[in-house]
Amino acid sequence: MAFSMTPVWRWFHRWTSPPNFYRIARPWALGLMLVGGVALLVAWIWGLVFAPEDYLQGNSYRIIFVHVPSASASLAMYLSMAILAVISLVWKIKLADMVLRQCIPVGLTLTALALISGAIWGRPTWGVYWIWDARLTSMLVQLFLFIGMWAIHTAIEQQKLADKATAILVLVGFVNLPIIKWSVDWWNTMHQPATIRITGETTMVWEMLAPLLLSMAATYCVVAALVLYRTRWEILYRERKTRWVQDELGLRGQA
Amino acid sequence: MGYFDSFSDFIRMGNHGVFVWSVYGITVFTILGHWLGLRLQKRRLVTEMQRLKKRGQL
Amino acid sequence: MSSSARQNHNDPVLRARDLICERDDRLLFRDLQLTLTDGSALRIAGRNGTGKTTLMRGLVGLNILLEGSIDWRQTDASPWLYVGHRPGISAHLTVLENLRFLARLRGLDPDQAALRQALAAVDLQAFDDSPGQQLSAGQQRRVLLAMLYLPGLPDCWVLDEPFTALDKQGVLALEHHLGAHCAKGGSLLFSTHHEPTVFDYATVTLGEHMTEGAT
Amino acid sequence: MMFLLRREWLLSWRRRSELINPLVFNLMVVALFPLGITPDPDELAVLAPGILWVAALLATLLSLDLMFRYDHQDGSLEQVATSGTPLAALILAKILNHWLFTGLALTLMSPLLGLMLNLPISLMPLTLLVLALGTLVFSTIGAIGAALVAGLRRSGLLLSLLVIPLYIPVLILGTGSINAALAGVSFVAPLSALAALACMALALAPWVAAAALQLSIND
């Protein structure tokens, strides 16, 4: 490819080299974690203490400041993983594989968190912990998809093969996700559930919306920081046989 | 304080306290879990590498 | 066939540069250069575990662990014919059906006589209607080798340990066949433990610089 | 392409005793539902579409594991991969063949099972049509999963984990069409969506599965 000769490409290659990324990811991870952590704290206090009660759902709606950010972040995570999968398969950037690998547990956690918070929220709203509501059901399928990625990466021993197989599966899942969402929505309307949507379309008052938006932004920061931290670990693990990692872990002085 | 009349009101959240607080508790626990898990993995890697080093297999 | 056409392009059948292969955190080889020209044979040698099979599989696109620049000469069809450790023989197809399938995959359609002739060349003419599962591992391998006796094959043969399943006579016959293939302008990349005597070949030995580095 | 199909067909025919298993499994799973839920004919009629679909889905899963297994073990796959014949062509042949021997067979069984579940006879033609389409998608998407795990040893369960989430739209649309007909409303929307899904899967899956299989051949 002619593109592989351009300075931009060479710069990109150097920038994504594991030792370099390991180095530059640290301040970013730290910064994002701090900003995200503080913002999340502010958003939560705002949402828990100062935001008014919902006239329909009472105080249980305050779960929204966890549920919606984690659900939205889990979707965003899926989108970024699909992009990473393309980068991995087309341009064969090692770093993309490492980030992708560590996105899996984070995405899995976010999806699980959205599901659990949704279920707990369901109890005061619907009177039961679980309703086969369209959003919860799609979320559940998304959890299955994340579990699948994790399972195949664990099952294949050769690192490189595991990476590529996972990337393929991510893309297949990504193409399927809108189809799944659409079909679940259709299924849901057909069975006409007698429910209030926990996150309804009703317009929210500003006092609720503001902390919600802040908590979403904060969650994105924390999630990005977590992925960076985990990627740093993945780099250490995969490059453990190299000199620079052993220096990094303080192993070379000892012998 | 804030929207609530008293601190105990805030904790009770109009009988929804259990639900709200458990969700927030689980969230905090999850974030901490990721962080602690990573530290643990890293420590395990270092000890494993030290063992390899001692045996001269590095 | 097209010996005149073949002379037209002077570029080698295969030019592989800066090959590197890491497996299970172990460096098998690096900075390996290979060039294969028309009418020549190249033997990959080396002890077990030095990456001979990995190298050959990588060259024909069966192993993504092999990295580096691998340039096969552009041809219409697949430029190579690969014989690996696995026989590629289905247990539930007869020997003849298997051989015909191997040919059809490469766009060939040999007639019954050509197929029987090829089977006779590996001394399996009596097994033509036996299902693959009734053959021993060695016999299955020989069915795959029978493919080499079909007309119209690609010019470059990549053979991983082709002599293992054969007796002394079989080895000698195959050596003659390979020699004839090269004499006709075909090229050959192969690995063996023994050293063929019938035709000329160059040798690349894997793992030598590695042992030097280790001790 | 024809010679690939003929080979697959011949191989499946000679291993036909193995191919009976998913069908027997299908029958047994269907028999479990009345035992586990209720023998009441009216209630069963309501559940019938779902039961038929879930059983067909599970039976397909059971048979998927063998799609590439033999060819991978005996080295046929690497002969195909190095021959110049595209892997996608082989995969398409395998998909069609798998559907013929598993999907179509399951479909043809369904009226009988439908009778056992008190599904109205007037719905049988629709059931046949929808199941035929749906099992085609099962085979097609399943090929991707089977290709991903072809190189692994204990892969059956893993394969299910990978493929089940991808089967959910088919299940929804398939049961949805029959349920719609059962309720007396139009089933055109889910049926055409299912057909669209089948076209899309058939067009894309062979290529994706070929990429996956190329990985699985590595060792």
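Should a chain be cited, it is by its letter among A, B, C and D, assigned in written order, with residues numbered from 1 in that chain.
Throughout what follows, a contact is a pair of C-beta atoms (placed from the backbone, for glycine too) under 8 Å apart; a residue touches a chain by one contact, two chains touch by 3 or more.
Note that the structure is predicted; figures quoted are calculated from it, not measured.
The remaining chains, considered with chain A omitted and nothing else moved, group by touching as follows: B | C, D.
Chain centres here are means of the Cα atoms, and by that rule the chain farthest away from chain B is C.
Per-chain CA centroids place chain A at a distance of 32 Å from chain D. Between the Cα centres of chain C and chain D there is a gap of 38 Å. Measuring from the averaged C-alpha position of chain A to that of chain B gives a distance of 17 Å. Computed centre separation for the pair chain A/chain C is 47 angstrom, with centres defined by C-alpha atoms. Among the residues of chain C, those touching two or more other chains are numbered 64-65. Multi-chain contact residues of chain A, defined as those touching 2 or more other chains: 158, 161, 164, 241. Screening every pair of chains for touch gives A-B, A-C, A-D, C-D. On the side of chain D, the complex with chain A involves touching residues 144, 148-149, 151-152, 155, 158, 161-162, 164-166, 168-169, 172-173, 176, 179-180, 189-190, 193, 197, 204, 208, 211-212, 215-216, 218.
By the touch criterion stated above, chain D contacts chain C in their complex at residues 3, 7, 10-11, 14-15, 70-71, 73-76, 78-85, 214-215, 217-219.
Only residues 57, 60-65, 77-78, 80-82, 84-93, 97, 101-102, 104-107, 132, 144 of chain C touch chain D when the two sit together in their complex. Residues 89, 141, 144-145, 147-148, 151-152, 155-156, 158, 161, 164-165, 168-169, 171-173, 175-176, 179-180, 182-184, 186-187, 190 of chain A are the ones that touch chain D when the two sit in their complex. Note for the complex: chain A touches chain B at residues 44, 48-53, 58-60, 62-63, 66-67, 70, 105-106, 109, 113, 116-117, 120-121, 123-124, 222, 226, 229-230, 233, 236-237, 240-241, 246, 249, 251, 254-255.
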